[in-house]
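The next block holds one structure in the form of structure tokens; read it before the comments.
Lettered A, B and C in written order, each chain numbered from 1.
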């Protein structure tokens, strides 16, 4: 007998959420969604959640199970049991709950809309035929196009937990689907917009989105691809790009990081406010003898590293 | 009262394609009980048919013949001709919109083989073609957001009909529970199929006959309901879809003895015979005790395709097997069984997607339908794989164009808002007032079971009579069901009850039509009448509501190029 | 037990106490760590923002250095660990790519054959051998010290490259704390991000992430946070005064590097381990442990 501990919330009845436990024998090979349906259909008809296709393609049934977002229809319930034979279900994070496991997706869709989520081709479209796109070009947008908009990545994104302004992994993956599309003519404008605050450089590299994504979309990998294209397109006038370039140049020069230079170069030499903001931490560290050595040492055999940079045209 | 020029119910491929057409000139309200990107069109995996000839020479004539033969000569050939001719153009348009397609080495849209198609004609995006098109259309709607208002998570309860004219719909907002009337000059239904009436189905929970039953309740007949397609490769017990693309790429079907049994049933096409034939072959093997391990399942064997090919062409299928069964098809066979998949029948329309109300083709003013909920009929008695996405796009677009033509110079019709709202509020009230002595879940389970066993792949008069009787009993019990949630806020329970009501009604109509068609054709197989009977049944079935229950009448089939012939593969 | 030590840049720069304590911890446990002085920076997932191929080539070169010595690599930084593992996965998943990378390395006399394993210090300790040595050599059990682990994203995610058994609910670090005689504190934020990667781009968000994790640890009764990542350490320790201002709190909590905690239990003094170099005072630990 398994216990399903479910976070219940119905503001029509009471303002505060609470946890309710249901006991259920998990039928053989039942998915988590099958179990939720058993609970709804045989124990408590008021239990509320979204669902539709039950084959991991519509993206309706994402919930948090034992603290992490997943698609309920995609997972065998038995695999989710904790040490106490319990599965804890909660609504997705980073969105407002409406009732039980149903959350308000409005901010999620607003952000999808912000990235101009449609092809912006040039006018040269062959009227009677398809545009050509090689299998290699297709492969650049293959993964991003598998996104089912389930919101699992959005739910567990660490940046979104502290900053509503971040576009979030799903919208950025959607953006990469067009940044990487050989048929799109607005690549430069797109990466420019995506380099603004709230864009790719606000991603904190936590990898949660890759972990929660039920499809091969892997949003963080897509975010990195946008960064690469932005740097290639010369969109350098922001802290993220400056940081990447400073880091890159440091490794190029010495094979390792010059930690004294990176903060300054990331802020930009003429960004007085930004530079001032570095002072407190810098001063504290200096006083505690934590500041990196003033004379920066290269690694041994740095010439070979330089050679590799050169060979790759970097 | 909400007012739009046009209201479209359903936001799958047909609904969105239609909306894109209409929004060029008019103000559109589009209603979906989920979100557009969650529509069941997205579950279509294998491809969309068009005679592009990108990997072998092909023609619309061949596509037409395959479709008509696949449909066991019940397709209306004038509609089929226009439909297959339009196919290449609509695919190119989708590509221009940004739809992601797999490509040939020289960059053209790649095409693969599919059941019943004599040429590799299925354009695809790996094994998520429906998903790719659905998202491409959704993207275009987001781009045109100013002229299309999307009502996400709204439910359509009833069609508002005044004499020979349709004036809008009664709807409710699932989140708030508020009932509203939408007044429109034209209504387009793109509400999908109703596979959920069967125990084993590939369909989404949302595929529940809301649209077709709303039409029927408004006095519109329904066509060819007895023709339900069982897909040969549903996941054992769960019914979810493993695309025919697996067989298109070369997978085998094996019975419990490890034999490729299709050689007994369709020696020339083998695993790539049309779905009705393959599903019956599987069921026959299982009924003869040759299922795998004596169970009701068959093996789908992809092992010889190799991991690289599977990962390139069928990655989603592989993942589904791993997630739902713990079976990796690279190393092991997938257990499958026939699963209720597609409704050939539905709301009768002419080939301009205009709904008609009799065998003579009389139009219902202001009412249009497209996609699976409609019956044009291009699929006849059995649909070929990859023809449904094409149908949704071609006839979605046609519905849009027809609406633009129809609405020009027309004003909104009269709607009595109070009366229409009251009608639906009474439905809610009625559910809340029931005595609660019956379990809706039990009713739903029994309906699904009896439809599967008595009105499934193989049917006969005795089974169908039992089925109809059982469904009548369930209808009575339905009036006493128990409801737990009486609130207004996001009450999914009440909507499931309304959906169950629709399903019980359509189930009865399906069984009744099946009983009356005393022949075997396409997806409808009567063991007591195992032959096709062109003398008595080469016609569509139109079922009309009446005080004495449903009345089934014939509607002629349009035959232009291809006379009915024996159908072998 | 001999390993090639991939120090990472930060242990040689802003957190030299990490290098100091690693040396002590290794010596105390009888591990032979050979510093890879010609290895380049792992790239921290930043070099790959500019050029994924370059980042992988540099790391493959580092692997080759260890392979020549016939040694597995030990890392003392979660970010190095995750970044190196990513390169390893790229190379091993695609033979053609590996060949392309080896062609780049050839002129420098390097080649990657896929022989060297890459392990974080914590994962070496968490092996049977490591745990046995810990239990055997602890001289100053950390009795009464409540320690909250802060793993660092890169050793957990993506989970298929993690060496921890259950990356969504790992116990490897806590098991080590228990072996040292300390009391592990389990709290939800232990597997979250410290925010360091965006401290230059979105400082408020970055500090909030660290701050929330620290508060979570404090709320769960921790005396000290221990981390296997010097970048997390910078976030949690060096920025703690600013976090306190941002989050309007007076609470503070010391943050140790994992090797410091281990070496303390092996009997080294706090000063030998550079604990006096921390921004947040570690004296509270000395009091609890009476050292």
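The rule we apply is simple: a residue touches a chain if its C-beta (ideal position, glycine included) is under 8 Å from a C-beta of that chain, and two chains touch if they have at least 3 such contacts.
The structure presented is a predicted model; accordingly, all values stated were derived computationally and were not measured.
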Graph class of chain-chain contacts, one of line, ring, star, complete, other: line
Distance-to-centre winner among chains (Cα means, whole assembly as reference): A
Whole-Å gap between the CA centroids of chain A and chain B: 35
Distance between chain centroids, defined by C-alpha means - chain A, chain C (Å): 23
CA centroid of chain B to CA centroid of chain C, Å: 55
Sites on chain A at which at least two other chains make contact: none
Of chain C, residues touching chain A in the complex: 9-10, 12-16, 37-41, 43-54, 57-58, 61, 82, 104-105, 107-110, 153-154, 156-159, 167-169, 188, 192-193, 195, 197-198, 200-206, 208-209, 212, 238-239, 241-242, 276-279
Residues of chain A that touch chain B when the two form their complex: 10-13, 29, 31, 40-42, 44-46, 48-60, 74-76, 98-99, 102, 105, 112-113, 117-119, 121, 125, 128-135, 137-138, 141-142, 145-146, 148-149, 177-178, 181, 183-184, 216
Touching residues (chain side chain A, partner chain C) in the complex: 66-68, 158-159, 161-163, 166, 197, 201-208, 210-211, 224, 227-228, 231, 238-240, 243-245, 247-248, 250-251, 255-257, 259, 262-263, 266-267, 277, 280-281, 284-285, 288-293, 299-301, 304-305, 307-309, 311-312, 314
Chain A partner contacts - residues on chain B that touch it in the complex: 34-35, 37-40, 42-43, 91-92, 95-98, 100-109, 125-126, 128, 131-132, 135, 139-140, 142-143, 145, 175, 202, 204-206, 237-238, 240-241, 315-316, 319-320, 323-326, 439-441, 444, 482-485, 487-493
